[in-house]
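Given below, in the form of structure tokens, are the structures.
Each of the two complexes below includes subunit A, the first together with subunit B, the second together with subunit C.
Showing the complex of A and B:
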């Protein structure tokens, strides 16, 4: 792949990378016939974002990496790769300095060297050349259908930002309650904390405040603000409108934006599964759900039922979701596959869990909150029998005094 | 018990939020006392070295609220004492600051989720003639009647010397720098309008002199000067709120015992009682 960008496009690309960097740790680069796609998935696999840059965005674009030594049209390959976000972010880190000095930018994925080459031609004849190592991989896909969502509303990104200002910056999750003529936002309080001890904030947005408002299903959806803030930072800088599509509780939310035919972006965010009525199943399901996304982040409570797991089958803790995975989509072993097709969502209702009770050992059961978490951590201590391991018979330090 | 107040003047709203912000930064928990005529914020910090300092702020409800109604504990004790965790309010304040453009702010005592809260309902204008309602519920505790005496209005003290403070911003920057040198400083005031702030360490001693200060009052028969040693950290915490723009700030010193700062403004008074530290 090789492409050439002018100064304004470089700035947009840099902002897009900043946005993706706030969401995930690895950037997937996929050149296609229609342009360049940058994708990322977050660590807990609960947010997927993709930026599509179309052909008019570039001064010059070729998605094929040519074999420069022996020109062989049959061997043309399209390289898809991924890199750690840190490395590419360091190239595009300072948007201010990019704005001041860069005139054009050349990005190349040559066939023969396993490097992503970025070259900035700056003012005063300065050329900055970056070689970044990448890893080859299969693509990360999330299949979703924009027209399949029940509710859709859109407005300027500034409007969303202003609304979110009413929430303190440490609020992690916000619940959006959709009604026929309004959207009601409130901060979500974790089940474990006593809600009467926390400050609760609510904001009501009337239908007329939106540019476009079409709610078919009255429902409540809760998802994390972190990714939304990253999206808004990008959208506000470029003064774009943001579309939001929601289905129902537990189903993922889709945010999208686009600029004419230059670029577009989609962000699929997982939402919290609603707690079911029956307490027995609900505690297990929410617990199971919670542990789908064993995350390195401290906020664990982000999971969605339909977003199936991007985890390999070997991981016994996600037994429940592995089952789902096999029923849904054939997965290439290395690639995380991320489906949220609406027709398959019904497969992902939490009902299977009670049936699996018999199969589940204490060990395999995912760690639920509070006391049960302690039980999980200390599970070996609580087990009835100890694992008998053969100990080596070799004595390294014999008794200095003989046995009496 | 009931309480309901509504503010519609943007300046009043801003000032109220500013005072609330100031209170939350000065201690872990804050008491709000509501009477038929005034609102009081009381912060009594836990003891550190000496007797606890006390912050007492009185707001005239007539100035701030366009609508005000309250019903206290009983007809005899027609007051409400609430305690809230400063951190909760501080976190909401950044969101409340948005209400600088609010059309109105209503504060009510409500009971949600079976525990009492102070609810702030903010009416924000948005876009085209619409208004957006933002509601914050801050959990509070009702202070039982037997503890009300802990929060009595402090007695008007009879200071040895009382002067107008020099420009607060100036004092603040000096105190900030002195804070790095030592924990305590001595304030020395003379009846000629000279205030000095001295910090001493093993290696160095730094004194700032402010003169030509207006002397408010000096006790006849007592010394012509007074000094007290105080904790700098607390002083700098307090001076940080110079953005409240009081009309004047009076500093009263009671020899070795107390430094009293009084922020005076037509709509509210804010008093800070800093006890002196006796390490001699």
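Showing the complex of A and C:
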């Protein structure tokens, strides 16, 4: 892949990378015929984000990596890779200095070298080259369909930001209660915290404050603010409107933005599963876990809408019908280097609810807070490779030379 | 004008060094840029004041202030050397506030030194308020005398200090060292870092308007520890121009030109030895 960007596009790209960096730790780069896609998934697999930069965003774009020494059309490939967010962030770290000095930017994934090469042509003729090491990987994909959502509303990102200002900066989760003519936001209080000791904040937004408002299903959805704040930081800097699509409690929320035909971005955020009254203890634990979307046939009226599934494209077969308990084992033993296997706790394929509960066999002892608990339970899913245990002391091949 | 002459007239005969300045901010502006370590050695000769700050017997910053910048500069011996705590001196000089060189009022300064073993006396006056400080001196430790002969210089660049400062501030901090390369054949002056994410290069073309002159007799490429280069950033920030010279042993000398008053310049030197790979020698 090689592409050329002008000064304004470089700034947008830098802001996108900053936004992605607040969500996940690895950046997936996928060039396609229609442009460049940058994606990330967070560590607990509860947030997915994809930025799509279309062809007009670039001064020049070619998604194929060619053999520059000896042209051979058979060798041409499209290189998909991922690299640590820290690496690429170090290149685009200071937007102010990019603004001051960068005139054009060249990004290349050459065929013959395993490097992501970024070149900034700056003022005074100065050229900065960044050669970043990357890892090849399979693509990370979240399947969702924008048209399938029950409710959709949109407004300027500044409006969302101003609304969120009402919440204390330490608020982690906000519950959005959708009604036919309004959206009611309130901070979500953990069950473990004494309700009399915390501050409750509630904000109601009337229908006419939105640019677009179409709520078909009255429901309550709770998700984490951290990713939303990252999204708003990007959207506000570029003065974009943000669309929000919600299904029901437990279903992921989709935020989208776009700028004409230049770029668009989608953010899929996991939501908390709803509390069930019937089964007391198991439902409490269900609620306390930060997993999500288990689609409930009864809750959602329009169940024909495809529920988002996060899967590793190469292994689509293994994902289906896998329940929580057993996902632990396959992930660890099958492909240790397959870091993008995403069929784990959060964005998994829907199961009928009762089956889910049986699998919630939590033998974990002291209940740590929600998020930490979920990560603790599924920590093995998140490791790239399985750690080998220390061998027992039997030595099969003693040293030929003694110790000094 | 301050009325110092009415004080301590009898003691004046004992001063081996006496400096008077109308604007003490000039001296504190320059000395602040070399204050990367506490101890400094002052060397005063008829050619001016030289203040040296050194670290690990390798990295050295020298500030030169010529007599023309002072209102009065009296040196009664050929060479007067003493060592004192530069941080303390700067705190005294900034006792009326440490606003920048251009802004605010300017305190007047009178500095005396009576010879070996005596403290340095400083009198500062601003708007009628007088401050009297005495700073202990100690016998100076010998400092390295980098004899940077022009005959050994392989590469020399004179360029805009601001541009080099921007480059230095953005250098990859995960890299242990920074490499400077130039060659008669290459069109660029290249600055390279080797960090955790990869290798980064900054190429400044010889023909660029930020480079005033570049002379290079043969290809030169040396690495320097990034941590040792850090003291150069403050003088880079206050200078207008900088000259870099590298000799055949890899010793690099930065010379910063700082404009202080209308037609006066002060200079700061920075010496740093190259990072030598000892394994190669064995």
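Everything below uses one rule, namely that the second predicted complex is superposed on the first by the 281 of 404 C-alpha atoms of A that agree within 3 Å, B and C clash if a C-alpha of one lies under 4 Å from a C-alpha of the other, contacts with A are read in each partner's own complex, and residues count from 1 in each chain.
Please note the rule applied: a contact is a pair of C-beta atoms (placed from the backbone, for glycine too) under 8 Å apart; a residue touches a chain by one contact, two chains touch by 3 or more.
Bear in mind that the values here come from a model prediction, so they are computed numbers and not experimental data.
In the superposition on chain A, no contact is made by A:263 with either subunit B or subunit C. With both structures placed on the common chain, the touch criterion links A:169 to subunit B but leaves subunit C unconnected. In the superposition on chain A, A:48 makes contact with neither subunit B nor subunit C. Legend: residue contacts after superposition of the two complexes on their common chain; A:213 is shown touching neither subunit B nor subunit C. In the superposition on chain A, contact of A:195 is made with subunit B only, not with subunit C. When the two structures are aligned on the shared chain, A:58 is found in touch with neither subunit B nor subunit C. Overlaid on A, the two complexes show subunit B and subunit C touching no common residue of subunit A.
Of all residues in subunit B, only 88-89, 91-92, 94-95, 98, 112-115, 117, 122, 124, 126-128, 130, 132-139 touch subunit A in the complex they form. Subunit A contributes residues 159, 162-163, 165-170, 195-206, 208-209 to its touches with subunit B in the complex. Contacts from subunit C toward subunit A in the complex involve residues 163, 166-167, 170, 172, 174, 188, 195-205, 207-210. Those residues of subunit A lying in contact with subunit C across their complex are 83-84, 86-88, 90-91, 94, 97, 101, 115, 124-133.
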